[in-house]
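Just below sit the structures, each encoded as structure tokens.
Each of the two complexes below includes chain A, the first together with chain B, the second together with chain C.
Moving on to the complex of A and B:
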């Protein structure tokens, strides 16, 4: 237990250290991509528990990410002024879920509060995952992959085709998300793309990632986690030992969908918009690939690969060869280190060489 | 809906359906010998189209197509030899991720070689506006080419697997790999050969459909997704099932246009396929006993 908290603590120190280093060398522009990478990493660690521990593949997690992002974006930008007199809107506004404001042209604007939109989006993603999971998780292997892929395509097509979600343009001008209002001297905590809030947003994203990681670690080391691993080992044996396999699989599927939706909501507020490419199949494939190169059932490996590869491609380090390099990394790790990046033991490599050298001598 | 319109939709559906079926057969051939889905299958189709278009500048059309098919087969064999052959008892997921990586690589290579422009082969007979009247339905001769070539491929494949020694050895390899080894069959060569075969079929399909669907560096992805869907729905490894499921998807797409806007076409057809999959979890023509024996 002590070792685990030590590792977490060193991650925390690293996160703070990176921020201080960027502000000292005035390279704070790195923080923008680091923030985005952290949000993407939330999707990837959630998927890691589903794939690595429960052994269920999903090529549709960009769909859940998009449900979160698109719903919160649509609810906080679409004007409800024409429904002002309807009962539902009045009820919502008496609950404090709707605010009035002014748009760019001074027209009156009636939209959902980001908090309310966030909750609606996450609950929707969870419910969809629940309803979808009941039939889908009965499938296995390639069949499960196809079903989740199909779900991803449906979400992508809906986002691309409906006017409500902005068709090919997506939704832009999403307002900032005030998590805590200003209290006395302390300013408000807002998730938005403003340059002034860059450091703050970096910490928000990484705090969420670390909290998400701690929760997942606790889950894995609990009764639920052991049940999941037994499902991964052999579903029949798990069933015979009295594990309710269907329920646990569904539980983790919903959990990972909620992680993806949370990441979608926050990244959309941070970017100030969302486009249909976030829902595309290639995004889902990328998430699966990141989990695989991180070592499936290895949250730290997945976290490291998720953050570093996403950061490098967001920074555009590889230029127009970005996807090609990603493909090469994917192949290399799967060929030479199929248990993920953390399974490479440099020491072991050298030792083996020494032994061989001795034998030859 | 008038009967003329009905047949027009039906023909469009069959054309696209048989293309999906051919791509799905490519998936099945490799699945049968290795137990994996080769996600680079769509890229073979793209390569077939692109290579034949490039070769057309120096060769006549039939030779250009033959050359493109041969080169793609070599690429398929090369991929298997470099990335898959030497792995010792790899897990299915590992192989799948490798093929995903390969598909990304091929796509990026194609982007750097051919650029983003959309290309196509010329029509094999006549041009864009040539049409043949068949009982009140007007169809392009290219559609007949697609139907003809794809039907010949399907028929030739089933003969190949039933009659020829090589085909029998491949079937033995898919039925039980260990037993095949004991019978003296070199299963590794069979895997290489299955990659060549499915690359060649994919490339041929890419050539004949290029005048209708056009070819672009990333046109393989969408086709691979449809082909995968169809292969699953027909029951993995079942080629006749793949063609039937392909025709079903093609017709669903064609007729859905008359009910919902074109933009929702994919969403509707895939939603229907998902419902079918929930009712028949091993595909329309797949058997649950056979599926239980497979690792993944």
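Moving on to the complex of A and C:
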């Protein structure tokens, strides 16, 4: 317990340290990618619990990310003014879920407030995961991979084809997401790409990631977490010990989908928009690769590798070969370090080589 | 306690279990024996809910359990071990046993994620009970060793502790002595009697005749899916039909 808090504390110190360092060296532009990396890492740690601990693969998590992002973007940007007389819109307005505003050209605008859009988006992603999960999670291994891949492709094609979701252009000019309004001297907490809010947004993202991590860690170390791991270990025996394997697989699938959707919502408000590439199959493959690189059933490893590789990718280090690099990483990891990159012990490697050299000599 | 009547399980044209009926009385040890392919494991899988019987009925404590899922049957108080040891890989011996407490505890996803007091209080109890069970089976020194890396006999012990952790009233043991040497088998015999004395009814499938004859209160003999005898051990040893299956007649000797 003490060790766990210590590790968390050092992460916290590191997060603050990085921010201070960028402020002092005027390299605050790094914070933008670090913020985005943190959001992507939320998807990856959620997927780690599904894949690494419960042993159920999904190559469709970009789909859930996109459902969150796209819905939140569409609801906060599409003008409902033509429906303003309808009962549903009136009801939602009276609940404070819809507000009037003005668009760039001064036209009257009637849209969902980000809070309401966020909740609708996350619940929708959760419900879709639930409905999809009931039949799909009966499948195992490759078949489950194929089915989730199919789901990812469907979401991608819908995003690409639907006018409502902006077709190939996606949705832009998504407003900032005011989490807390201004209170006295304290300014409002807003998720947006505004330069003035860069430091604030960096902290929002990392707070969310750390809270997300703590919750998942608690889960893994609980009765439910143990049951999830037992499903991975032997589904037949887990069932015989009274674990409702179908239900647990479904719940953890929904949980990881909700994590992806939350990341999608926040990143979309941060970026001010979302495009179909966020829903693409390559994104899903990337998430799987990041989970694998981090060591599957290793939340910390997944978080570290998720953030650092995504950061490098966003900085453009891999250039146009970005997707290719992630493919190569996935293959290399599966071949040489199926327990994740952090599991490689260099000492052990050298030691073994020495023995082999001696034997050959 | 457990009552099978006219139980039938077909795999296509093959009658793996053919019209089998018998009862298991509370607090006894009952053994199911028979040559390979007699349908013993199929029978077990029907009781535990892994296979759906084709027809017939299974009553456990006056409740029909046919058609229930394995986890529901486990909740009613039937636990089992597997013929080929089926431990959770990647988990320690203690964690394996702790999964056995799953059905007797209630903390859900949210309680776990937010680490509610209810969750960790329960967790403490789960751990306590599991350590106790490992102690009973003399395995506490392996508590933090990955279960699948233990020696064969120890793995069987962990599996047994895990099954006991569910607080079963009926324990199904699928060949508990398979792969064990004479000493280990004697130890298993002692354990099974001890489990019976704890008030747990035992139904076992076994090949090792000495074990079966020593500890069983009653024996059911299956051959090609049908029940051919049911009696106390001494009577089974004298039963001409049983001798015929096991020793064969004429030159068709069967092991």
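Keep in mind that, in the parts below, the second predicted complex is superposed on the first by the 330 of 361 C-alpha atoms of A that agree within 3 Å, B and C clash if a C-alpha of one lies under 4 Å from a C-alpha of the other, contacts with A are read in each partner's own complex, and residues count from 1 in each chain.
To be clear about the criterion, a residue touches a chain if its C-beta (ideal position, glycine included) is under 8 Å from a C-beta of that chain, and two chains touch if they have at least 3 such contacts.
Please read these numbers as outputs of a predicted model, since none were measured by experiment.
Enquirer: With both complexes overlaid on chain A, does A:20 touch chain B (first), chain C (second), both or neither?
Expert: A:20: touches no partner chain.
Enquirer: Does chain B (first) or chain C (second) touch A:281, or do both, or does neither?
Expert: The answer is first: A:281 touches chain B but not chain C.
Enquirer: In the superposed arrangement, does A:334 touch chain B (first), chain C (second), both or neither?
Expert: first
Enquirer: Answer with first, second, both or neither: which of chain B and chain C does A:223 touch in the superposed model?
Expert: After superposition on chain A, A:223 lies in contact with chain C alone.
Enquirer: Have a look at where A:297 lands relative to chain B and chain C in the superposition and call it first, second, both or neither.
Expert: second
Enquirer: Does chain B (first) or chain C (second) touch A:234, or do both, or does neither?
Expert: Only chain C is touched by A:234; chain B is not.
Enquirer: Where does A:141 make contact in the superposed view: on chain B (first), on chain C (second), on both, or on neither?
Expert: Only chain B is touched by A:141; chain C is not.
Enquirer: Chain B or chain C: which reaches more residues on chain A?
Expert: Touched residues of chain A are more numerous for B.
Enquirer: Have a look at where A:150 lands relative to chain B and chain C in the superposition and call it first, second, both or neither.
Expert: first
Enquirer: Using the superposition on chain A as set up above, list the residues of chain A that contact both chain B and chain C.
Expert: None.
Enquirer: Help me check something: in the complex, which residues belonging to chain C touch chain A?
Expert: Those in contact with chain A are residues 48, 50, 69-71, 74-75, 79-80, 82, 86-91, 95-96, 98-103, 105, 107-109, 111-115, 119, 122-123, 126, 162-163, 165-166.
Enquirer: Inside the complex, what are the residues of chain B that reach chain A?
Expert: Per the stated touch rule, the residues are 31, 37, 83, 87, 90-94, 97-98, 100-105, 107-109, 112, 221, 225, 228-229, 232, 236, 261, 263-267, 270-271, 273-274, 277-278, 281-283, 291, 294-296.
Enquirer: Inside the complex, what are the residues of chain A that reach chain C?
Expert: Those in contact with chain C are residues 215-216, 218-219, 221-227, 229-230, 232-234, 236-245, 251, 255, 297.
Enquirer: What residues of chain A sit close enough to touch chain B in their complex?
Expert: 57, 135-136, 138-143, 145-147, 149-151, 153-154, 157-158, 160-161, 281-282, 285, 288-289, 292-293, 296, 320-321, 323-324, 326-328, 330-331, 334-335, 338
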